[in-house]
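In what follows, subunit A forms one complex with subunit B and a second complex with subunit C.
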Partner chain A sequence: MLLLQQLINGLMLGGLYVMVAVAFTLIIGMLNFLNFTIPALFMFAAMMMWATMTGNLPFGNDFLFAIFGEHNIWIAGAIVSIVSICLVSLIIERFTYRYMKAKYGDATEHALPLVSSLGFLIIFEHLVIGQWGSDPLQIESPFGDATFTIGTLIFSYPQVISLALSLAIVFLLSHVIRHTKLGRALRSIAERPDTATLMGVDVLRIVPVVYVITGLLCAISGILFTINYTSIDAYIGDTVATVAIAGMVLGGLGNVWGAVVGGLFVGILEVFSIYIVGADFVKVPIWGLLLLILVFKPTGLFGHTAIGKGKF
Partner chain B sequence: MSGYIEAQLIILCLSVIYAYAIFLPAASGQLNLGAAGFITLGAYTSGWLNASDGLGLPMALGIVLSMLFVGAIGFAISLPILRTRGVYMVLATFAFAEVVSGIAINMEFLGGAAGMPVDAHAPVEIVVAVAIAVVLFCFYFMSTRLGLALRSIHDDESVALLFGVNVRTARVVAFTVGGMLAGLGGAIYGHHYNYVEAQTFNVLLSIYILLYVLLGGTQTAWGPLVGAAFFTVLPEIFRQLAISMGSDWLADSRFIFFGMFIVLMMVVRPEGVVTRTMQDRCAGYLSGRRARAAAAGE
Partner chain C sequence: MLLDAREVNVRYGRNHAVKTASVSLDHGEIVTVLGANGAGKSSLLKALLGTVRAEGRISFDGTDISGWAAPRRVKAGLVMVPEGRQIFVSLTVHENLLMGAWCRNDDLETETEAVYERFPNLAERRHMPASVLSGGEQQMLAISRALLARPKLMMLDEPSLGLSPILVRQLFDLIRDLNREGLAIMLVEQNTRMALATAERGYVLELGAIVLKGRAKDLSSDSRLEEAYLGGKSDRASL
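== the complex of A and B ==
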């Protein structure tokens, strides 16, 4: 029973990793680079949620509290966080994808968007540290200890809701990619941006959509993380994103449902490693597994061979 | 030399060593995001070889042996890792660094999460001397036939292969020697600060080192030197200026400007600060001036 409870905890944690892993996999699959702004977006969303709920925003606190009141302030937090992340994603798009044109086509030049995204990671982490410091910050969960039990297994409402929400979002996303006009445009860009332009896809208008979608995924996952675990700090994005990257690689780069399976799996693996061998040892199984997969089966469980080859 | 300047000089020297370690693979077009892993290995190995409850070897011998050890590990993992390319290689080296730091934290005889004290002390002169030696070695390395091969692979792998360059060997050598240099940097770090803690060699360190190299430029051996110097010295000068202006906020926000600079740099000069064209132009200007001076002297 205790093991089953751990399995459930792992699934709940995995649900949060799933959204971040899907964000990574979307950018790699569509635009072919590893986007290091995702940890920054996740952390920024969590921080905005915390700041709104505890009245620590630089401005507008009284206004939000007057409208939403003490009890519903978490709704304000979610709105503030989602809106700010969408704006930030659009700014980031300007400076990463727009300028990834290679001048000479030599080997390290493709790393350009990767380096810009690292620059953004540094900017956001230090903005947040400058504003609110680097110590762990706490919120009070707006839902208290809302749990229900089945047999002897304990489920917490926010966690179950967040797992369901993350699966629903991924389902919606995969529907959009497969069956809509936008999805077809996205898939054509993934295949070859130049040809997509020739075929009448407005690449410079579609790419910001990809950025906003990944931003939304990070924002929702950051908000849910804050509500569920109630303790965050300025480096939370790095911690979560590194594990999510492992999940993404496990599922195969560029494959949305692969990222779902991988994200859930690393969530469970993390909880079990903590339960069996202790928290310090978590890194070794996760990253050892990842290294082996990258070397022996780089396409992961469900990936395509074409993605990420020779490009960054 | 005041303590403050000495501390900054040490940071600069270590950054330069680390940067050249990542530069060698990058010169052949491979991005290594695992610098922290090699540094951890070097620091712990040389510390343990030197420690009285370890082997108790003299410091210099310990550093050399730890370099060889890290080089051997680098060679061993270069064979599988070089099968991966592009984003997979970035991820694989990153995973390697995480595995190393995970193992180092869990080794009880290495002090575990509390870190390990290192006995012998390397004074500032040794650190500077090693950094200069590394720089000279890398300039020499890039001027050899192998360095030329690395340059050709960096510019176009297929053409290099067509012209008979042994791409695989060149890459393995670059990766291994780079690993050795990172190990050397780690060993020097441990012996200078007399303390090693796996948590200080984290993902951010790997990221910063890769940024030094890519922003400095991977085309010439000047790149990492300029990149590391630029990004360790400039923020410090900025901080001093901000403090003298009495603005703590500006002093604390230097990393925000650093990040903005990186983003803008990728927009206006994506190939890095120092490029081959720039080097040629400078050389041309200097030789032109010499010619003019000679002409004026006649």
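== the complex of A and C ==
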């Protein structure tokens, strides 16, 4: 039963990794680069959630407490978080895609987006540290420890809800990509952006949509992480994203459902690793597995090609 | 006049790829643009479609479109079938057709059915990834995809490239058929003989400049046409 409980805890944690892994895989599949702003967005979303809920927003948030009240301030936190992430995503799009596309023709044939996204990550972490320090920050869970039990197994409501929400979002996303006009355009841009332009697709209007979608995935999972685990710090993005990257590679680059399976798997692996080798060593089995996969099956479990774009 | 482009210039950095070229085309006309490798044919087409930065005044169907971005020009009926077909192989055959109609929101069913009737090979494979198509079928799909945009002018960039002689003949039959149905066509080719046999008028580009133009009949017997291909730039030019 203990093992089963660990499995459940792992699945819940994996649900959060899933959204980050899908965010990584979307940008890899569409634009062919590993987007390091994803950890920054995740961390920033968590920070905005914390800052709103604890009254630490730099411009003061008494009015938010006045509107939402002590009890529902988490809703304000989620809204502030999502809105600010969407805006930041659009700024990031300009510096990692649009300006390079204008200057070099094809932004994604260079290592530039990777480097500029790394720049964003570092700048964001240090802005946050400058504002709020690097120590762990706590919130009080708005839901207490609401749990229910099945037999002897314990489930926490926020965790179950976030796992369900995470899977629902990915399901919706995958439906959009497979079966809608926008999804067709996304896949065609992923494969041949210049040819998509010949069909009249306005690539410079659709790529920002992709950035906002990845931003939303990071924001929602950052918000859920904060509510579920109640303690965050400026490096939380790195911590979560490195595991999510392992999950994405496991599932196959550019494969949305692969990222789901991979994300859940690394969540379970993490929980079991903590149980077996302890928290200090937890990244060793996860990244050890990643290295093995890269050597023996670089396409991941469900991917077709290791490198290159256009793989939805 | 359907298309009237005056003094078009395209530059890639210091490389002056199209030098003050003027081309025009009437409703229902087939016009060919000839030239050796690197003469600037594709660059000229891209300038007309608006996918490269270009100087010059372009009017299409009576409207000045010089300042328009490519999507707006496509919507207006200026459509290109690119060099090398550029099929989306990660999409199905049917999805490729639908991408051609990106700019439209009306019903496509009758038009896709018309395409499938014209090309039974595509109909059979409509729900397969386009990667299963042969080179010839891919060219048919590329042209069909462009048709779904409901073009007034279709610009074809070296459509015969890499096709067997039989397929080349079928392709040119198709081009003539489409033209007979009322479509104006600008045909970039290296297969000069076939192109001049199909088109009414032609332009010859050399190093970015138009060095020769006139009726197709006159061009085919003009010795200067051969000169435009000299310098070992092309071994595909056949007169």
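What we mean here is this: the second predicted complex is superposed on the first by the 294 of 312 C-alpha atoms of A that agree within 3 Å, B and C clash if a C-alpha of one lies under 4 Å from a C-alpha of the other, contacts with A are read in each partner's own complex, and residues count from 1 in each chain.
In the analysis below, a residue touches a chain if its C-beta (ideal position, glycine included) is under 8 Å from a C-beta of that chain, and two chains touch if they have at least 3 such contacts.
The structure presented is a predicted model; accordingly, all values stated were derived computationally and were not measured.
In the superposition on chain A, contact of A:R192 is made with subunit C only, not with subunit B. By the touch criterion defined above, A:L11 lies against neither subunit B nor subunit C after alignment on the C-alpha atoms of chain A.
When the two structures are aligned on the shared chain, A:D202 is found in touch with subunit C, with no touch to subunit B. By the document's definition of touching, of the two partners only subunit B reaches A:I123; subunit C does not. When the two complexes are overlaid on their common chain A, residue A:L290 makes contact with subunit B while staying clear of subunit C. Judged by the number of subunit A residues each one touches, B leads among subunit B and subunit C.
The intersection of subunit A residues touching subunit B with those touching subunit C, taken from the two complexes, comprises 310-312.
Residues 28, 32-34, 36, 95, 99, 103-116, 118-127, 130, 238, 242, 245-246, 249, 253, 280-284, 286-288, 290-291, 294-296, 298, 308-312 of subunit A are the ones that touch subunit B when the two sit in their complex. Contact residues of subunit C toward subunit A in the complex are 49, 51, 69-71, 74-75, 79-80, 82, 86, 88-91, 95, 98-100, 102-103, 145, 149.
Within the complex formed with subunit A, the subunit B residues making contact are 26, 28-31, 80-81, 83-88, 90-92, 94-96, 98-99, 101-103, 105-106, 112-113, 153-157, 203-204, 207, 210-211, 214-215, 218-219, 249, 252-253, 255-256, 258-263, 266-267, 270-271.
Across the complex, subunit C is touched by residues 181, 184-185, 187-188, 190-192, 194-202, 310-312 of subunit A.
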